Amino acid sequence: MNQSQLKSNDLSTFDQYESEVRSYCRSFPTKFQRATGYRMWDVEGKPYIDFFAGAGALNYGHNPPEMKKKLIGYLMEDGISHTLDMASEAKETFLNRFNDVILKPNRLSYKVMFPGPTGTNSVESALKLARKVTGRQTIMSFTNAFHGMTLGALAVTGNKFKRKGAGVPLNHAVSMPYDGYMGSNTDTLEYIESFLKDSGSGISLPAAVIVETLQGEGGINVASNEWLIGLSEICKRFGILIIVDDVQMGCGRTGSFFSFERCGIIPDIVCMSKSIGGYGLPMAITLIKPELDQWSPGEHNGTFRGNNLAFITATEALTYWETEQFAEEIKVKAGLLRNALDEFVSEFPELKGEARGIGLMQGIAFEPGIAERISKASFERGLIMETSGTDSEVIKIMPPLTIDRDGLAKGLNILKNSLQAVAGEKNAILSH
Amino acid sequence: MNQSQLKSNDLSTFDQYESEVRSYCRSFPTKFQRATGYRMWDVEGKPYIDFFAGAGALNYGHNPPEMKKKLIGYLMEDGISHTLDMASEAKETFLNRFNDVILKPNRLSYKVMFPGPTGTNSVESALKLARKVTGRQTIMSFTNAFHGMTLGALAVTGNKFKRKGAGVPLNHAVSMPYDGYMGSNTDTLEYIESFLKDSGSGISLPAAVIVETLQGEGGINVASNEWLIGLSEICKRFGILIIVDDVQMGCGRTGSFFSFERCGIIPDIVCMSKSIGGYGLPMAITLIKPELDQWSPGEHNGTFRGNNLAFITATEALTYWETEQFAEEIKVKAGLLRNALDEFVSEFPELKGEARGIGLMQGIAFEPGIAERISKASFERGLIMETSGTDSEVIKIMPPLTIDRDGLAKGLNILKNSLQAVAGEKNAILSH
Amino acid sequence: MNQSQLKSNDLSTFDQYESEVRSYCRSFPTKFQRATGYRMWDVEGKPYIDFFAGAGALNYGHNPPEMKKKLIGYLMEDGISHTLDMASEAKETFLNRFNDVILKPNRLSYKVMFPGPTGTNSVESALKLARKVTGRQTIMSFTNAFHGMTLGALAVTGNKFKRKGAGVPLNHAVSMPYDGYMGSNTDTLEYIESFLKDSGSGISLPAAVIVETLQGEGGINVASNEWLIGLSEICKRFGILIIVDDVQMGCGRTGSFFSFERCGIIPDIVCMSKSIGGYGLPMAITLIKPELDQWSPGEHNGTFRGNNLAFITATEALTYWETEQFAEEIKVKAGLLRNALDEFVSEFPELKGEARGIGLMQGIAFEPGIAERISKASFERGLIMETSGTDSEVIKIMPPLTIDRDGLAKGLNILKNSLQAVAGEKNAILSH
Amino acid sequence: MNQSQLKSNDLSTFDQYESEVRSYCRSFPTKFQRATGYRMWDVEGKPYIDFFAGAGALNYGHNPPEMKKKLIGYLMEDGISHTLDMASEAKETFLNRFNDVILKPNRLSYKVMFPGPTGTNSVESALKLARKVTGRQTIMSFTNAFHGMTLGALAVTGNKFKRKGAGVPLNHAVSMPYDGYMGSNTDTLEYIESFLKDSGSGISLPAAVIVETLQGEGGINVASNEWLIGLSEICKRFGILIIVDDVQMGCGRTGSFFSFERCGIIPDIVCMSKSIGGYGLPMAITLIKPELDQWSPGEHNGTFRGNNLAFITATEALTYWETEQFAEEIKVKAGLLRNALDEFVSEFPELKGEARGIGLMQGIAFEPGIAERISKASFERGLIMETSGTDSEVIKIMPPLTIDRDGLAKGLNILKNSLQAVAGEKNAILSH
């Protein structure tokens, strides 16, 4: 790190050498250097509170000490780093711990697939397998869903801008209304069921439904337990597989390890990535009911299926889930967060906010344009917090799950100040 | 690592918990634990020589000391690990070094995109961009090509078994004969050109051609310089972009940093992954001619675009390329390897081998069935070496580029013994 | 016709030589020979009343005398029969008459395309043009729609059995709920509009909507005027073309020449076939708003675009529309028909029928299984009447528009007797 | 025909009311009125010799007297005109005669499907059935093929302009080089076979190959008997169905009823239309080997499957094939035609013509631009003759098969004069 002459917050290297596709560096225009827990520092030493958590990849915070220790230890011993899908001690340990700590206590018995280390890879593997097992081609997905950016995953993603980027038509998928899409009085399952049972609906029987139990990128839309259970029952009735994309909502984000624990459904396939590696290291797994594990060897592959450094931290991360305590703490913090958001909504009625979300995936929806200004104002005050929704109309609060009450309070205070500032601007405009 | 009771080479955890899709662990049935340079050890301490190099992800060997030192140093300082596409000091350093050490000396001026940390992600980003920039949809690819396993990349991959795994038709691509596909007397470019120029050929003008300069997975097929230059000229003539997939052949595998340096063409887009991270850590980049960098911010994204640990080791890896020395050494070792292979082919005429390849991507093609037995016999003797080709008919020798002459000689000796054993079996059968 | 030895109703020739795909000959198992007006005779001289009218291709009845006279006259003069899309006197006369009698009085100014002589050809041409003009690919169609059997038209057809026959996935289309699909209390336009305006809905902006104002094949579903007007307004608001498929509902079937006259919308493109030729001769036209007529010469073609014998009868058929009288008569007969159906529904409550339809496209919906038995019983009694709906649950009454009151009464009497017979069987079963 | 005031050759009605898609009326700008045999007359009584024959729909000439008599007789007796796929006496007679006169003497036993009355309908039905029977999706087609304009048929058509008209990507088809496409020294079957047998070729095993034995629209390319036999053998070896599209080449155009009689192959499916109806009336049939006739009833349908007027003339047309005489006469005339073309090529060396074709489907290929001028010059002199090839570079001579030697000589004389005129213009330009 001998670039000390660049320590100032000069982003010219990125402007000059990095592609125009770069995005978050435009919202948070500084150069980050160090981070621990819920705190980040840029090259000038300015601290930030992290209400973003790597878009859900840092549920356990930045550089958690126990994982760091294990990781450095493994490196020092020349533990093997890259193994494709050869067997390694690190992988074996992860598999055993994952079964002991996560699956067995939840009475689940999934086979674990390592599909390549990204969420979109896990989704692609799930769709391939669902199509193979059923011999069908159509996947049912939902309005405002986000599942990834490679062509297979993009076909089940709702966002028009992202879809257009494909450059080719996205097929073999049908988009159905998510819970609440038609307003709170309309049960969208009725609509879905009528399309499935009617032989004139123009829609083929799907191989699978892919669903997020809470849509994060889509604007923090929470599916109710009743809706998820109903969807699961429809799938059973029609012989459709149900895939839960838990890439962002898994690993405790909504309060339990799997996001679907709250409603008790058992998906046929589960996609996980982001925080599964524990330390922000690329890793993904696809969980498959044993009877559906009909892959031929090597039918899906990828160079980085065997990221052993991630297996080391992933294994350590499971320690959080050995007792109920971690989940309990999330619930408490989720309650505090919700209270604060409700209070903010009341306090700034001119912003017409609507609090949303569960667990530590919460936010406030505004009219278009407001959320981005709040995000900007927060960044200036030392808080990293992104927006979501197709029109970036929602501020998305997803701190590390390990944040302490003090950190949460500090971050919320910055948010409050930012809301005040944006409300002030708005009032100023209106009073003219 | 408290699983000492499992230290024996018992693979039951994998049988029980991992998906049937696992593959290499079937060819190399042991549990790996440690590795340095070209050597790997399993949990029982048995050493192996590595002629596989993580399928090209470990060109600099396992756990190279300088990178390891930098990596541990970064971890100890709580360097930020995961940043999506926010700006970080580690990324900035990589961008500057990559320009100074690689691009400028080669008089290249690409913009760097971080498309997500896998080769298939880089390919998907390249195809999207080519389609966006040209407004066309078809991509021309080649027989026996391998570009990845997500739907977009799979559509330009030749392998029937992999393609079938898609479960949906793979479209918007046209497969053309690679150099040598119709025998050494037929110039396949003539065929390609006639399809392009004829308005009745049934083929739309492609957005891009995607090509490997040497097909590794496809069976070690080397495209001649003339063919590559001719292809590049056809692309210019018809306004088609040329994408070089250097995921496996880049980072020195064929003797120079970019595999296309040998023929002097300048691709419009270059895909890199595998060894770009240096230490086997997931990382990928897509290099784009500045005038083609027409992405909108966030039009392609992904959670693990910002793997800062990989940026640290990737930056260090560039040190190998600061002088000509490393490339020179590869050439010398490539010569030794070719001599040995030629000798083996002569020595075991009953195996009807055909030496192939350039740089440290070489191999011997056999009749179906032979290569797999040689790979097996080698493993038993302590050598990791995979097969390639659609019928696994080629042994693929790709040691770390950093292997010393002694290591190379030892590995080749094992290979020779294995050839002898397989030849012996064959002779035994024939003499009956 | 020297096959007098086959005059008996022996269908063995068809069993032996014709493909298994044949269908109506199974429902109406006799050999037809002659026909006039609403009457048909088989080879044994048995008469039938026709409540089927060639599935809408014989709105003017069988062999109407004036057309027959013109046709024979043209043949005797060696009028040219086949001209592709060369100019002919017969075509010129048709074009002028069609403008004078139909378009101008309705204040419409469409360009006329001859796309090949079948409805599916007209639909394919309409979809091509809509895609060309808008540069978009998706077509919005409706549940239970029927538009034809070639791949482009089949993609916008709802019926699962027909769609499966494609043997390939049917893409570039999205199926939306038709008026009434979600029950009478739900306005399906709200649903459609929410998908169009939401940038996260997963649906691209369509090139066009294709709609039948009354779905005949789909089970006699009548779209309300309000719904059709609302749909037209949505299309305008979003810049989507509206295509009315008037292949079966046009030429007076619902009471006016164009079926959309009742609601006053002006489609961008209109597809016509079936009765447009007047005499059951193959002919189709696609009507295009002049500003959308952006075809290049020959961009869509076909051998039988210029069926001059059909132009002769088509021209003569327009005579029916020179005054209001013909339309008035249809209305009167439609009223008589509806009264009869309502009466039948009341008289046989055990059949739980529901009268449907408008104009001379009416029917009664039953529980599955009933309609086919009624059709069979009617055939045995000398009435040709088919079923429709995806489960063949509706009897479909569509006599020639030229039928006189006496013919209508006779046919309805046979229908009544058939209903009685089927009701009797049902009661017999229930009383056991 | 009371439009006597328009008897002059005023095309304003077409300009004003007909779509821009109209095409042949631009090449042959007059209004046709009457026609018999090989002669046509426009409204002003100007005669034309027909070397076009309705693009192959008028092999028996215009208004052949015996067919006309039968047709008028049927009309006068009120023979039923339109029957969908109900059984009719006229259809029965056709089926029996077609078996007796055509199939049995050729020792063929096809089931006959009536797919709708156009060639593209027949092709769509053939592709559907091939996909259903094999469970595969890809169809192999050939460079410069023409199979129709609906989406399924268009996907196997080579012409870029026509394909682009689809407005959506055309998939599930792979275009392979036709006989002679790579020059006379390259056997394109080798190329095709290597793609089929190689599991890395990027091409799925096709359901079927669709082939014309002579490509008319594609520029009069004749496949050799050896090539057709070789293709048929490849299909057998790989379990691929072979579909011969005999829409234009069937009904005697190349010298025998089926165009494939010359090489002795037996296609699995045959598509026929154009001249099968005899009188230029819309009709098509799909011939299916009995074991492949796996349709469900109604799985493919269409309103005009039962064009009984066409059955009447089609039956009569079979009379030509009751003896060998008709085929013999075609051969004689084909010889005369070839001699004349060879002579023209020699006589006008400055036009660099190349005679092509067999039977009464012959022509001369020129450099781009020449053929259209010859066609224009011929029209002015009273000869109707179109061009073909993707760049309209070939004059296409396809008179009615019934043309007498005198008519042929007269037409060829006009052609010679036209060649002379165009050669003269060219020489005049060159001599400047």
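In this document, chain identifiers A, B, C and D correspond to the written order of the chains, with residue numbering beginning at 1 in each.
The rule is short, and it goes like this: contacts are C-beta pairs under 8 Å (C-beta built on N, C-alpha and C of every residue); 3 or more make two chains touch, one makes a residue touch a chain.
Keep in mind that what you see is a predicted model, and the values were worked out from it rather than measured.
Farthest from subunit A in terms of Cα centroid separation is D.
Centroid to centroid, with C-alpha atoms defining each point, subunit B and subunit C lie 59 Å apart. Computed from the mean C-alpha positions, the centre of subunit A lies at a distance of 51 Å from the centre of subunit C. If you average the Cα atoms of subunit C and of subunit D, the two centres end up 30 Å apart. Of all residues in subunit A, those that touch two or more other chains are 137, 161, 168-169, 171-172. If you draw each protein chain as a dot and join the dots that touch, every dot ends up joined to every other dot.
Chain contact summary for the complex, subunit B toward subunit A: residues 1, 3, 6, 11, 13-14, 17-26, 28-36, 40, 43, 54-58, 62-63, 68, 71-72, 75-93, 95-96, 98-99, 111-114, 116-121, 124-125, 127-128, 130-132, 137, 148-153, 155, 161-162, 165-168, 171-172, 207, 247, 273-274, 279-282, 286, 288, 293-304, 307, 309. On subunit B, the positions that touch subunit C within their shared complex are 168-169. Across the interface of their complex, subunit B is touched by residues 137-138, 141-145, 156-161, 163-164, 169, 171-175, 177, 181-182, 186, 190-191, 194-195, 198-204, 218-219, 389-391 of subunit D.
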